[in-house]
Structure formats: C-alpha cells, structure tokens
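In structure tokens below, several structures.
In what comes next, chain A is part of two complexes: it sits with chain B in the first one and with chain C in the second one.
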Partner chain A sequence: MPAYYLEAFTVTLGLVLLLAEAFFPARKGKAWVGIAGAIGLAGILASAFLTIGPEGNPTANWASWPMWNFYQFDSLARFFKIFSLLTTIFVLLMAVDYRSILARFTDHPESENGTGEFYCLPIFACAGMMWIASARDLATAFVALELVTVTFYILVAFMRRNIGSLEAGVKYLIIGALSTGFLVYGIAWIYGSLGTMTFDGLASALHSPGTLHTTPLLFGIALVLIGLGFKVGAVPTHIWIPDVYQGAPTPTTAFLSVGSKAAGFVLLIRFIEPFLDGFSPVRHEVTGILAILATATLLFGNFAAIPQTNFKRLLGYSSIAHAGFLLLALAAWQPESINSLGSSKSVAFYLATYLLMTLAVFFVLGQVRVQRQGEAIADFNGLGKSNPRLATVMTVLLAALAGVPLTAGFVGKFLVFDLARNAHFWCPLIIGCIGAAAGFYYYFKIIRAMWWIEPDSSAATIVLPRITQISLIMLTAAVIIIGIYPEPIYALLR
Partner chain B sequence: MLAILVFLPILACLAILFGAPARLTAIAAATINLVIGLLACCMPKSEVWNFSLTTLEKPAIHLSFSLMDGMSVVMILLSVLVTMAAVLSGKVPAGREKIWYASILLIAAGAIGAFASTDLFYFYAFHELALVPSFLMIGLLGRGDDRREIAWKITIYLGLGSLVLLVGLVWLANLTGTFSIPEMIAAGPVDPSAQKGIALLLLIGFGTLVSLFPFHSWAAPAYASAPAPVSMLHAGVLKKFGLYGLLRLAIPLAPIGLQAWLTPLLILLLGNILWVGLITINQKRLDSMLGNSSVMHMGYIFLAIAALISAPENPLAKSAAILLMFAHGISIALLFGLTDRIERLTGSIDMDDLGGLAKAAPSLALIFGIAAMASIGLPGLANFSGEVLVFLSAFKNYDPMTGLGPVQITCILAIWGVVISAVYMLRAYRRIFQGPSLKSTESVPDLSLTDRIPALLLIIALFAVGLYPNLLLNLLK
Partner chain C sequence: MPFYLFWLFTTVMLIGGVSVIAFRNPVSSALSVVTCFVGLAGLFIGLSAFFVGVIQILVYTGAVMVLFLFIIMLLDLKDEEHRTNKIAPIATGLVLIGIFLIQLFSVIADTPNAESPPLDQATLSAAADSYPQDSKIATELKEGHLPDVHLIGHTLFTQYNLHLQILGVLLLVATIGVVSLSKRQTE
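On to the complex of A and B.
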C-alpha cells in the first residue's frame, strides 16, 4: 500500500465524521464522534505498519507517479506519522472525558450540541502533521503546516463563551500569523539565494556553492528559524505559549504541546539538515544560531517555570524548556553513526518519550479541571491522601518529566546530553544541567503539593472515567518500560 | 540471579500498589532477597549472577548486573540484611501500609541495583531511583512539624549533589568512550590533565551523598525526621553508595587527580570526625544525636580512602574502608530501629524525658547497649575490626626516616574521635537506661518478639564480623 494512502484515509475519516456529526440526531450526545474518530485513527495506525514507499515496491505502477516528487517515506516520516496518529488518538479520548467543560462554554451549555466539531478538527490537523513529516520541499511543508495551524486557531478558541479561551485564540492567531509571515519571507530569501525549495535541491546547491553569497541565505535561514520557533515554542517566538496553554481547552493544549511541537521539529530537522552537513558553507553560522536559541530557550523555559502557581501554565513553560533540550540536540548536529543515534533520531526519541509523559499528565489535569474546577497547583493538594493511586501515577510522570533515571524522560535527556558532549558544547551542556536541576525544583513542587500538603476540606475525591483510567495506565506503564528498556522506540526508528 | 535481587522488590512494590497484602508481600520479598544475598556470599565467583541486556545500542548501554569483586558482594549483603530489618521495623501509620512498604522496597531495589550494576548509566540511575521514595516518606510520614521543610531541603541538597556527580560521570564516560565500568577500570587511569577536575567533581558529588563536611548539614535533620525504616536504609545502606562510588570509580580512574585534593580531603574528614563529633555530644535528642554520629563516622571511612589515595598500593586500606562501611551500616540501622522503639514505648526521644528504662525493658537496654558499644568500636564487634584496620592502614606506609606524613597526622587526630563517640554514646546510654525511673518509663513493656527478630539479625552480623572479620575479608581478596 503506498504511503500517501494514510493521509487520504485520515482526511476521509475527518470528512465522514464531520458529516455524520452534522446529520445524525444529537439526542445521545456527541461523545460517539470522538470514540469513532479514535477507533478510525487506530485502524489507520495499524495500516501505517503496512505501508511502503516507492523503494519498497519499485515495479508497482504507483511507484513512478509524480506524487513522489514532493512526498517521501523514510523511517523518520513513518515514525512521525505513527507519532501524530497516536497523539491524535489520545487527544480525542481526552476530549471525550473533557466534554462536560467543552459543553459548558459552547453555544448550548446544557447539551453537547456544540462540541461535535471538536472531535473532527484534530483529525484534519493530524493529516497535516503526517504530511509535514513526508514533505520533500518547503512549499509542500508550508501548506501542510498551515493546515495544522489554521485548525489550531479554531481548536484554541473553541470554548467561545469562555473569555480565557477567546483571549488565547486571539493571541495564538496574531503571533501565528506573524510567524507565518516570517516563515514565508524566509523561504523566499532562501529560494532567491539557492534557486530551489526542495530539501534535496538545497543540499546539492550547497554542495557546489559557486559564487554563493551567504548573507542573504543566512537572513532567510534566520527568518525560517524564527517562524518554526513559533511552532516548537522556542525563544524568541515563545511568548504565546503560557497564555495560550492556560486559556485553551486542555485537550487542545495537550495537542499543541505534543503534536504541534513535533510537527515543528520534524520540519526543522528536514530543513536544517542540508545546512548542517559537513560541506555546507554556512554550517558554523547555523550551528551558532541554533546553539544560542537552544541556550536562551533552556534558560527562559526552566527559570520562568519556577514561580508558577498554575499547573497548566507551568506545563507551558516546561514545554518551552523541553523545546530547549530538543534544539540543543539539533545544534549539536551529528549524523547517525556506529556509537551515536544521530541528532534527528535522538530528537524523534525525545519527542516520543515527551508524548508519553505529557499526554498522561494532561489526562490527569483534564480530570482535575472537570472534578475540582481548577488547574492550579493548589488543586492537587492532598491528592496523595484522597487518591493515592492517582498520586503515585502522577509522581512517576512528574519524575519522568524532570528526568529522574529509570523513567523515559531520563533516556531522552541522556541522549541529548550525550550529543552535546560529543559535539563539545560545554557551555550549553552546563546550562542544560542547570535547567534540568531547575526542572527538578518545579516538578517536585507538584509532588510536594500532592503528598505533603493537606487537602481543602471541600476538595473532592477524583473518580477517573474509564477511558482516562485505561489511557493513563497504558501511558504510565510505557513511561516506566521505556525508561528501563528503550528498545521499542528504537525499533520504530529503524 | 542478581536481576532477581533487583527486580523482585520492584515487582513486590507494584504488587502492593495494586492490592497485594502489603506487609506480607514486603516480608516475603525481603526474605527471598536475604536468602539470595547470603547465597551470593557463598559462591561469588559463580556465573549465575551475571545478567546483561542491551537497552541502548547507540551509545551502547547495557542493563547488566554482576558481582565485580568482593566489594559488590559485601555491599549487597549489607543491603539485604538492612532491608530485612527495615521491613520488620517501625510502626506503620494506619491506612498508610501501601505507601510505607512500597517505598521501603523501592529504596532497597535502588540500593541493590546501584551496587550490582556494571554500567555507569544504571549505577547512577538506580541510586536516584532510591532517593525519590526517601524524600516522599520523610515529607509524608516523617516525624516532627518541620519534616516538610527538611524533606524539601534534602531534595534540593541531594539533587544538586547528584547533578555535580552526573557531570563528573559524563566527563569520565566521555574520556573513556564507554559506559561499562569493568571496561573503564581495565583501561586504567584517564588522561592525567583531566583527572584533577574529575576528582573534584566526584569528591563533591559523592561527598555530598555521604555527608562529607561541609556538605553534611542535610543528614542529621533528615535522619531525625525520617520514619525508622527510611533512616535505617538511608543511613545504613544508601549513603554508602557515595563511598562505594569513590572506591569503585574515582580511585582507579583518577588517582593522580585525587592526590591533588588529598590535603583538603584530610581537613574535611577531620571536620567530620572532630567538629561534627563535638556537635554530637551536645545533642539532646537521641535521633539527632544518632544522625550526627552517622555523619561523624563517615570521617573514618574517608580516612581509609585518603590512605588509599596517598598510597595506591595499599590493599589494607580498601578492605578497611569496606569493612567499616559494612559495620557502620549494620550498627546505625540497629540504633535507628531501637530509637524508634524507644519513642513508641515512652512517647519521647528527648533524653531529658527519659531515664531508668533498663528496669522496665531489660532486653531493650541490652540490645541498645550492644549497638552502642559497636558504634563506639568495642573489640569483638564489627566496627572495632573496621576502625582498627583503618588506623593501621593509615600507618601502613609510615617510614620512621621521613617522619609523620599528613595522613598519619590526621589519623592521630582522628583517633580522638573514638573518645568523642564513647562520650556521647555512653552519656546517652546512661541518661536513657540508667538512673531512677521516671513516670513515663516506669511501666513500659519490653521488646516484643517481632521487634527482637530484626535486632537479633543485625546483632548476629555485628558479632560474626567482629569476632571473625575474615568472613568478609576473604570475600575481598
């Protein structure tokens, strides 16, 4: 089966659900749309293991289609397709258990009538993310990226009777549009300098630079990095993150923080690779820009997270901090070799561990919001007493986010630090260590609130709905297993 | 087999969290581990102990356990003994059985995993794993009103210490190009120009974990406020990780670098022995006295390490350090266990509120007496053999022609520490057990059978090693 069927299936699934949602009677609520979407995506996920590119079957008549001129299917593309599908499935499931809040802030507060689209839009965003992973040139990638971003404009502002969600939507729209401008402008400069927009073309143009003027090229690269920095949450276009994360509905925040960030990073990997190869004339400059961005992101994300009291906002800063670690891995660019996984696969690995931990934390956060009506760290007070099992799970997850050894989070950080030390990036490495130490402080603040602070007398015992419960167990088990035995993710990357 | 030793407590911990009877599961796991640990002492050379699983291909990292030498065997024996005692000690607050036993097992698994790992990655990782439940237990179920601040303090203190250590370890791995500890050691000392920096990082990192003066201020309050099993495991076993790491990594890989820091180390260890020793005398509460005494006794082990640094061809110093680590681990665990018992019997731990306890609880008094004597270093008990060997090893390379070296001078000063520990231990014993009975101590019951079993287990170990130190020394050859 050719690989682009996956995107076709995904878009079809989204359209079918959108129509079905509109025409079926609304008496029974809308949760079934989310469940159906998750099941459909799970089917596509299963078929992702069966798809092949033209290399897999060169004699098939589809293998010679011009489609493959702007679509590729390598191990990284397959990995990020699986990644996007998995993220979207969990986000849909999360949205199902979050629907009471969604319903309250949409048009018909007493019914679920206004919530149906919330389950369909992530599927379109997912198709966009999958396409980004396969893009062969900047134009295709840009279109796919806009599909994701435009979908998110709606998803962020979905709770339209909630002022916080609207505010987040406006902020996301303005800064998103601005960074899109940067991105397009940068692409134009790069096209002007090198005369091509395909990633392969960039590599070959740099290979024989001739009379290349590096200044306009570097200007273009810097603009693109700023534009992509918006997607991944890197300094200096990170400023939207805390407000948008806090205001958006929790499933959207989870989707932004995992799916959107990963899409940004896969594009960043594809884009930056030609410029960082050994023969590139601008290698040192690009490495320098990336290292500065990584260091600034690490410093800002980790230190600004320390005084936060709202957990969702804290996760926003933590997401910036994680982007800093990922950028550090890219700045310390190394191709895959015998004793190193290489930067692109290390980033993929880190993102996979980040998916597990972050989605699980957002599942818990969503239920705390639904059942305790709050998202502050203080709303976790005494969870160890009222829900000891949930608090244990949460402790494991937060420890993983902080990077405690034998959890998935440590392996990811370890790979990044390993790359940085191979590249002799001592200064960013030390700042990364300091950032990780700060991370211990702010994540453990929540552990402290759960176990050591007495709950308010009014704080309700949290009863986890079945879907959240199962997802949480699966994700937490994966965090521990990957922490001890990371081989499964390696197998996916091969 | 070593994999069983490490993963059995983790599995038991999961079983407890998912509803297995907490106490029973924990005791069963600890007993099986004790049996396996004793087996390891009987046949340390066997192949059955080795376990290896490649968990990361690039860079190559293996989840591998093996008994690298006698030092691993002794530390594992110490871990399983103290785990057994810790599981049986302490009073579980009602309704908190799960978290209590799960934490104890997790700490034990982390400690055993660190001592058994032959890969730098897991060596570090397992130790960190053990720290998290310790913090939780102190903050959650500890004693005293300021336990949360103390738990927070040690979280930050040990977190920073571990981070310094991590930088040192990453540097080591970078220089040697491998994460396998046996391969590193086989390759010999690293590049001399980097040794000084590595040695400093490892000394501060491991030193913070072992409460080397002046990085010791977390220890006494933490032990005083931790629940009994956590104090036992942390002071008895987990703290030895730092010393184990220095002996395992720093001394073979950075000998020249360590020599550059020998004089500061000697001054600091005297700070442990004399300065903290004097502070210990001044303590009014039994638990903080024991916490400080445990900091003080680390000084002797550092003295053995210093002797090893000054003269690398000094096998006696290494044996002495390991023997004393074992002896101290057992005796401090016993003392913390008994302290908890005293508090539960009389409701107080303040020595001013206690007195004449020997009349009402003679066997408690006897066992505490033995433990106190062991801690002072009375002949016949394990600590004596350890301390004597430490002092002897410091003088091993003494040459009358050149006069006293810095290590010998430090040793002479350190011997006064024995007097200091005799002062505080005997004073504590007199104030708690002798003299007229007070109202609070008149009618307390003696130790019950369940309290005696863990105490006896540890006392047997103390006597066995004290009377026949070759039991352990043969393993170390």
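On to the complex of A and C.
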C-alpha cells in the first residue's frame, strides 16, 4: 500500500466522524465519537506498518506518480507518522475521560452537545503532522504546519466559557501568527539566496556554493529558526508556553506538548540537515546559533520551573527544558554511523520516550482536575495514602521525566549527553547537567507532596476510570521496559 | 518600472500601513488597509506580476476588506479608548524594531544586486521550450505575450497540487473552529 494513503485515511476518518457527530442524536452523550476516533486511528496505525514508499515496489503503477515529488517515506517519516498516530489516539482517550470538564465549559453545563468537535479536530491535526513528517520541501511543510497550528488555535480556546482557556487561545493566536510571519519571511530569504525550496535542492545548492553569498542565507536561517522555535518551545519564542499550557484543556495541553513539539522537531531536522552537512559553508554559524539556543532554553526551562506551584504550569516549563535537551542533540550534529544513532535519530528516540512519560502524567493530571477540581501541586497531597498504586505509578513517571536510570527518560538523556560529549560541547554539556539536577528537584517536589504531606480533609479519593487505567498501565509499563530494553524503538527507527 | 513610480507606490503603501495602527476608529483603520493594498498592487504590476496585482485589487481590496468593513459596521465597534501608554514597553518595542531594521539594512547592504532579465520577446520565447509544443502557454510565449493566468494555474496544479489539497483541509478546520467557538450558547 502506498504511504500517502495514511493521510487520506486519516482525513476521511475525521470527515466521517464530523458528519456522524452532527447527524446522530446526542441523547447518549458524545464520548462515542472519541472512542470511534481512537479505534479508527488504531486501524490506521496498524496499516502504517504495512505501507511502503516507491522503493518498496518500483514496478507498481503508483511508484512513478509525480506525488513522490512532494512526498517522501523514509524511516524518519514512518517513525513520526506512527508517533503522531499514537499521540492522537491517547489524546482522544484522555479527552473521553475529561469530558465532564469539557461539557461544563462549552455549550450547556449539563449536556455534552458542544464537545463533539473536540474529538474530530485532533484527527485533522494528526494528518497535518503526518504530512510534515513526509514533506520534501518548505512549501509542503509550511502548509501542513499551518494546518496543525490552526487546529490548535481552536483546541486551545475550546472551553469558551472558561476565561483561562480563552486567554490562552488569544495568546497562542497572537504569538503563533507572529512566528508564522517570521517563518515565511525566512523561507523567502532562503529561496532568494539558494533559488530552491526543496530540501534536496538546498543540499545540492550548498554542495556547489560557487558565488553563494552567505549573509542573506544566514539571515533567512535565523528567521526560520525563530519561527520553528515557537513550535518546539525554544527560547526566544517560548513565552507563550506557561500561560497556554495552564489555560488550555488538559488533553490539548498534552497534544501541544507531545504532538506539536514533535512536528516542529521533525521539520527542524529536515530543514537543518543540509546546512549542518560537512560541505556546507554555513556549518559553523548554524551550529553556533543552535548551541546558544539550546543553552538558553535549558537554563530558562529548568530554573523557571523550580518555584512553580501549579503542576500544569510546571509541566510547561519542563517541556521547555526538554526542548533544550533536544536542541542540544541537534547542535552537536553527527550523522548516523555504525556505533552511534546520529543526531536525528537520537532526537526521535528522545521524543518517543518523552511521549510515553508526558502523556501518562497528563492522564493522571486530567483525573486530578476532574475529581479534585484543581491542578496545583497541593492537589496531589496525600495521594500515597488514599491511592498508593496510582502514587507509585506517578512516582515512576516523574522519576523517568527527571532521568533516573532504568527508566526510559534516562536512555534519552544519555544519548543527548553522549552526542554533546563527542562534539566537545563542554559548556552546554555542563549547563545540561545542572539543568537535569534542577529537574530532580522540581519533579521530586510532587513525589514529596504525594507521599509525605497530609491531604486536606475535604480532598476526594481519586478513582481512575477504566480507559485512563488501561492507558496508564500501558504507558508506564512501556516507560520501564524501554528503560531496560530500548531495542523496540531502535527497531522502529531502522 | 520607472523610478518615480516605485517611490510613489511605496509611499502610498507605507502611509497606509502606518495609519492602520495610528487611527483609533476601526473603520478608518480598515480603509487604511485598503490604501496599503492599492500601493502593494501597484508595486506588483510594476514588477510585471500583473495577475497578482489585479488579484490583490479584486480579492483583497474589493472583497476581503469590504467584508471587514461590513463586519465592523455590523458589530458597531466604538473608537478604541485612549490608553495611558507606559514608557518602558514602548521603548523596548522601539529598540527591538531598531535592532531588526539595522540588521535588515546591513544584510541588504552586504548582498550584491542582481538584475532580473527583462520580459521581452527573446526571454519569453526562450521560456516557451519548457512547455509542451502547441500548448496554449507555449504559443502565447512564442508570440511574446505573458500568459500569466495560465502559468500560475499550471504551476498550482502540477508543482503545488498536494499543497492545494492540504489547504482544503485547513479551510475546513478553520470553518469548524469558527462555528464551534462562536455559536450561540444555549442557556
């Protein structure tokens, strides 16, 4: 099956669900839309393992279609397609268990009438992320990126009776529009200096520089990096993250922090690869920009997270810090070799472990919001007494986020530090280590709240609904298994 | 394009752009955007991008901005209230803009000028070879005309076909979003 069927199926699934949601009577609520979406996406996920690019079947009729001029299907593309589908499935399931809050702040507090679109829109965003992973040129990537961003404008502001959600929506819209402007302006400068927008064309134009003038090219690269920095949450366009993460509905926040960040990073890898190649005349400058961005992001994310008291906001800062580690891996660029994964695949690996840990934590956070009506660290007080199993799971997840050995988070951080050491990036490496140490402090604050602080007498006991329970068990098991035996992710990347 | 026309249209555009943010009345701001777009259309036509220039007038000035004006009038927006402006944010903004402008000017000063080929009979008929013989585009190019509508259509549907379809999904998502965020709330 040709690979581009995946996006076609995903968009079709979204359209069918939208129609079904609109025309079937809503007496039984809207949760079935989310569950149907998750099942449909799981089917597409299964077929993603069977799809092939034109190399897989060169004699087929479709292999010579001009479609492959804008669309590629290499191992990185396949990995990130699977990644997007998996993220969207978990986000939809999370939204199903979060629906009481969604219903309260959308149409009418007692009915779920206004919540149907919340299960359909992530599917379109997922299609956009899959297109980004396969983009061959900056134009495709830009259009697909805008599809993702526009969907997120809606998803962030979806709880329109909640002032925090609306404020987050406005902030995301304004900073998003600004960064889109930077991105397009940068693409225009790059097209002006190299005369091409395809990634292959960029590489070949840099191979034979001739009379290439690097000043306008560097200006364009800097502008594009600012624009993409918004997507991945890197300094200097990180300022939206804390407010938007805190205000948006929790499933949207999870989607933003995993899906949107991964889409930004896959585009960043594709875009930056030609410029970091050994032949590139701008190699040192681009490495320098990336190293400075990575260091600033690491410093800001980790230190600003320390005084936070709201857990969702803390996760926002922690996602900035993780973006810093990922940028460090890109700055210490190394191509793939026999005994090293190389930078692009290390980033992919890190993102995969980040998916498992972050989504699981957001599942728990969503239920704390539903059952204890709050998202502060204080709302986790005494969880170890009232629900010790959940507190144990949460402890494992937070330890993984901090990077304790034998968890998935450690393997990812180890790969990044190894790349930085091979590239002799001593200063960013030391700052990364300090950042990781700060991470131990702020993640362990929640562990302390769960096990050593007495709960309020009014605090409700948290009972997890079935879907959250199953998802949480799967994700936590994966965090531990990948921490001990990371081979499954390596196999996916091959 | 003659030198004085370039400066004329640029001035019109800049005046329009500045007055968008200077006016407090939303209707005046919207009309300033129209002025800005007219100047932009003049620049496009001066650069031989006739189709883009005409579309700029027809679609943006004629349709989009008129729709904006309708919406502003329907919503009956009042003048923006006079805010007390604080010095620090304005100063920071000006410094940032200043740094960006200096950088832009130094990049432009450091970039060699390139002459674009003139759109005469010779260049046009040379370009005809890359299109199929006897096609509308090839014959028009050989005669020395610029079939810009055909060329844009050709490019859109061959080189940017997938992009067009992704944009279709994007517009659908935007429509759903507008409806679900702004529909009347049942009390």
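FYI, the second predicted complex is superposed on the first by the 494 of 494 C-alpha atoms of A that agree within 3 Å, B and C clash if a C-alpha of one lies under 4 Å from a C-alpha of the other, contacts with A are read in each partner's own complex, and residues count from 1 in each chain.
The definition used in the following text is that contacts are C-beta pairs under 8 Å (C-beta built on N, C-alpha and C of every residue); 3 or more make two chains touch, one makes a residue touch a chain.
Keep in mind the model is a prediction, meaning the values are calculated, not measured.
Once chain A of one complex is fitted onto chain A of the other, the partner contacts of A:L121 are limited to chain C, with no touch recorded for chain B. Touch criterion met: A:M67 reaches chain C, while chain B stays clear of it. In the superposition on chain A, A:L341 contacts chain B only, with no contact to chain C.
By the document's definition of touching, of the two partners only chain C reaches A:W131; chain B does not.
Contact with neither chain B nor chain C is seen for A:A378 once the two complexes are overlaid on the shared chain. Across the two superposed structures, the residue set of chain A contacted by chain B and also by chain C is empty. Residues of chain B that touch chain A in their complex: 17, 53-60, 63, 98-99, 121, 124-126, 128-129, 132, 135-136, 139-140, 148, 151-152, 155-156, 159-160, 163, 166-167, 170, 174, 177.
The touching residues of chain C, when paired with chain A in their complex, are 103-104, 107, 110-112, 158-163, 166-167, 169-170, 172-174, 176-177, 180-181, 183, 185-187. On the chain A side of its complex with chain C, the touching residues are 11, 18, 66-67, 69-71, 107-108, 113-114, 117, 120-121, 124, 127-128, 131, 139-140, 143-144, 146-147, 150-151, 153-154, 157-158, 160-161, 213, 215-216, 219.
Interface residues of chain A, counted against chain B in their complex, comprise 336-342, 384, 388-389, 392, 395, 399, 404-406, 410-411, 414, 417-418, 421-422, 430, 433, 436-437, 440-441, 444, 447-448, 451-452, 484-487, 490.
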